[in-house]
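Two complexes are shown next, each including chain A; its partner changes from chain B in the first to chain C in the second.
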Partner chain A sequence: MFNIDQYAYSNRLTQVHPGEKIAFALATLLIALVAPQPALPAIIVALMAGAAIGAAGIPARFYLQLFLIPFSFLIAGVAMIALTITNQPLAGLKGLTLLGWTLGVTPASLHLAGKIFFKSLGAVSCLYFLSLTTPMVDIMTVLKKLRVPALLVDLISLTYRFIFVLMATVNDIYTAQAARLGYASLRTSYHSLGQLVANLFIKTHRRSQELFTALTARGYEEELQVLDVPKPFSWPFLFLAAGLDLVLLSLMFIFRRWTLWPPF
Partner chain B sequence: MIRRTTWLTLYLLLAMAVLARPAFAMHIAEGFLPFNWAAFWFIVVLPFWIWGLRSLQHTVKSNPGLKMLLGLAGAYAFVLSALKIPSVTGSCSHPTGVGLGAVLFGPAAMSILGGIVLIFQALLLAHGGLSTLGANTFSMAVVGPFVAYGLYRLVRKLKGSMPLAVFLAASLGDLMTYVTTSLQLALAFPAQAGGVVASMLKFMGIFAVTQLPLAISEGFLTVIVFNLLAAYNKNELEELSILPEKTAAEGSRSRQ
Partner chain C sequence: MAALLEAEAVSFTYPDGTRALQKVTLSIPEGKKIAVLGPNGAGKSTLFLHFNGILRPREGRIYFAGARISYSHNALQQLRQQVGIVFQDPDSMLFAASVRQEISFGPLNLGLSKEEALARVEAAMAATGINDLRDKPTHFLSYGQKKRVAIASVLAMEPRVIIFDEPTAYLDPRSTREVMALLETISRKGTTIILSTHDVDIAYSWADYIYVLAAGQVIGAGTPAEIFSDAPLLEAADLARPWLLDVYEDLKNKGWLPLEAPVPKSRDELLALIPYRCRSQLAI
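Coming up: the complex of A and B.
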């Protein structure tokens, strides 16, 4: 149902210890966020794309399509940062002037917008590396090891396990409604969707009671016990990841004067 | 030179109009906020998480079966956000479920469930992000539910009708979420001319195009859902009143 989840279980890096992948993704994400040079996030995008496509074996086409998802927000957000509306003269302001108000761009705003665009893409590529290579079940194991409160981990795992069940239910209800012209007009659409959401709530409620009954019958007490599959530490991955992050960090410190690249 | 920048301005406007589709427009994308602001919103949201978790731990201790209900409620909220509402303007948008969740489960549960839903939206659907999780949680799982729940209680206390209370809670909860997101973006990126206020107006302007119709659509939808629940599923709603905040049950009882 969710392609990302499917690849998380079937990629070539599934057997690597989840802690290593999480640490690598988060450390690189942090570098992308704090680096003052726009070139660094661009390098990170290339690096993470290489890791996801080359090392983990994610199809390049699918990977590129994923990058389109944040674009609608990114373009709108970046455009809002780049555009300035003012009735006062501003250094280097150029654009359309109407009735004394100018809608336009300044070199500084363009530079900032470009920088944020690259930074966001760099960060997104780190997120994708994590979500494409690490199954949610493994992430929960790591959360448990990190002593995250048991209730929170249980709620996360219950949520994850039932997303797919409820999604299937929604699809069935939707198909049945659509087959009976439930979404033929705006009016019927609202009515059908309302019925769908209300019914889904009741089904969710019933299911939670059944789950509790079933678990109680099997000796459930306070915590959900799930068997986790132990995964060995992979030294090559750890060395490679640490090495790459060190290279990125040193690039950040060596080229401190490059903060104005690319010069818009 | 002037011609070039005019074209650039027009191009940016066009790109905005075409690409600013309503799809999850309210989630701040991964890496969009500077490090300081991302960290700041995590710090702001932390007390709400602790408070929510404490409150849930208390609830679950007194009634262990509610843990399953809360876990499934998280899945329910995630699935809701993946649905498409036909919008009044003809396009489609995704409901946030902020109002419905707040009225059914109360704001304490929503701060945790909302956070969990946002993690899954980032990891499974690539909407939102990990570094902006704090900011997104604050707008969608703290401000939205608090406004929705507060309004619902207020209107009920003033003897307003149930549909009115639910409509206001759902639509204004939505609206305040988007105002908060605009504020977060404006604080991080103040405009060169006019500072935070001018920047906030800019961001609100772009979001208003998509979020205003969505808020109204979601208000209508939530009223329909609530009417159906109150008509056919009184028992389940009454059971929810075991949660510390007595919410839905009293609404459905007073309908009689």
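Coming up: the complex of A and C.
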């Protein structure tokens, strides 16, 4: 989380207008989701990895580590979809049979699992591109421009800030406890962790009150008004992004005609 | 001297029963530098929250520019434009995703246009020396940097009074000097400054007038010279004496300084007072 945020502020695409990055990420995301063939999201994963690592300069190692997070969830989830347990004969069913029940895979379930797998990875890669290249400030600016209700934007902005306050508080409490051997044994660890959680709530609540007081002192009424950060449109990025998405779209239609597997 | 802010017999009790202020009466003259001293828990922060209407006294009155504070919504907004507070903990002030946005919050609440707000933000960043932090997110700043951003965010509102709650706590010596120099600059422009501190040396050299708070009561008031020559008062408020006065008196007692030597306000003044012992010896 900390690292993602740090890269968002310091990558090579920070100066690109956030609207362009958001449009690119969302358009590509849409293609990944609607494309009936698994090949397209796979291409998108590669494309977005190229954009994040090549264009934005995110270290490849870090990028791959990020992907491990959804990967592990995905593998588990997709395995459940691919596997079928049945006592009926199914077309192309292969697997272990015990007492008339078969645990196995069918081409159809494999296909479905593959589709979901690639679609999810494709979608994740689009969102990673956005969160790795676009600071929260910029995203909020665009949300405001799009006339998202101020209340919602403020809520997002405060949530964002408080994630860091919360993490800093956890860190402080944990360090303070560990320094006094709070995590020396399993028993004390449970005890310390319980206290940490309880304390965290109290402290965070107090913090939010303090913040409210301080905001009030600066004339807060009902909207957190701040100056937007003006960023120029960069036409090269926009053209490149639009071009790439067009290519993807055309691929989608070409593949559709050629496709061997009918979409389910 | 017209009093800009006044507290008259103000008492305040927190909901949990802590009596934080008891019959506090004091007055802040316009354009002056006022220090509020007192041990931890004396009620300094609580008093400050009364000055811009965040807390409302149980008993007593607060006056701003001669008029009693009204607690209607509009009156409070007006008051908060004039009375700025830089809070003790900068983390409790910062909410925005970037430094520039943080500082723009106050000016925009004043109803300024984008251009005016931007000009204020730039000026405040220049005054506090944080120009190069403008696009940084506030959560990646060091404590001292956060403190500067907090100061800039109030400065940009250009209030008539700025209250600094322990502006130099946790700062390194250089930042402390810079913050105090900044306060001096702000004060020269005519802004009234109230500051709480535990640093008696700062209070002694900097303040025009000092109030001493202990256990929610004003137990002393006077010029720095008066306050710090009142031994029983210092005892009661757990205050040390500024080293400057200690050295000055010791030098006087031991005959190094003439008896009529004026009390020095700063280190340089003290050094200037100390005479050469013998010129010819120095020449060797």
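Basically, the second predicted complex is superposed on the first by the 245 of 264 C-alpha atoms of A that agree within 3 Å, B and C clash if a C-alpha of one lies under 4 Å from a C-alpha of the other, contacts with A are read in each partner's own complex, and residues count from 1 in each chain.
Simple rule for what comes next: a residue touches a chain if its C-beta (ideal position, glycine included) is under 8 Å from a C-beta of that chain, and two chains touch if they have at least 3 such contacts.
All figures in this text were calculated on a predicted structure; none of them were measured in a lab.
J.: Under the stated touch criterion, which partner chain does A:119 make contact with: chain B (first), chain C (second), both, or neither?
T.: The answer is first: A:119 touches chain B but not chain C.
J.: Identify the partner contact of A:211: answer first if only chain B is touched, second if only chain C is, both if each is, neither if none is.
T.: A:211: touches chain B and chain C.
J.: If you stack the two complexes on chain A, which partner ends up touching A:182: first (chain B), second (chain C), both, or neither?
T.: After superposition on chain A, A:182 lies in contact with neither partner.
J.: Would you sort A:226 into first (chain B), second (chain C), both or neither based on which partner it touches?
T.: second
J.: First (chain B), second (chain C), both or neither: which does A:18 touch?
T.: neither
J.: Just to be sure I read the superposition right, which of the two partners does A:38 touch: chain B = first, chain C = second, or both, or neither?
T.: Once the two structures are laid over each other on A, A:38 reaches no partner at all.
J.: Do any residues of chain A touch both chain B and chain C, and if so, which are they?
T.: The overlap between the chain B and chain C interfaces on chain A comprises residues 5, 136, 157-158, 160-161, 165, 207, 211, 215.
J.: Can you check the complex and tell me which residues of chain A touch chain B?
T.: 2, 4-5, 26, 29-30, 32-34, 41, 66, 69-77, 79-86, 88, 90, 94-96, 103-106, 108-109, 112, 116, 119-124, 126-128, 130-131, 136, 139, 149, 151-152, 154-163, 165-167, 170, 183, 186, 189-191, 193-198, 200-202, 204-205, 207-209, 211-212, 215, 222
J.: Spell out the part of chain A that touches chain C in their complex, as residue ranges.
T.: Residues in contact with chain C: 5-6, 9, 135-137, 140, 157-158, 160-161, 164-165, 168, 207, 210-211, 213-221, 224-227, 229.
J.: What residues on chain B touch chain A, complex-wise?
T.: Residues in contact with chain A: 1-2, 5-6, 8-10, 12-13, 15-16, 19-21, 23-25, 27-32, 34-35, 38, 53, 56-57, 60, 64-65, 67-76, 78-80, 82-83, 85-86, 88, 100, 104, 112-113, 116-117, 119-120, 122-127, 129-131, 185, 189, 191-194, 198, 202-203, 206, 220-221, 224-225, 227-229, 232-233, 236, 239.
J.: With touch defined as at the start, can you tell me which chain C residues reach chain A in the complex?
T.: Contacts found on chain C: 49, 52, 54, 77, 80-81, 84-85, 87, 89, 91-98, 100-102, 104-106, 108-110, 114, 117-118, 121, 135-140, 153-154, 157.
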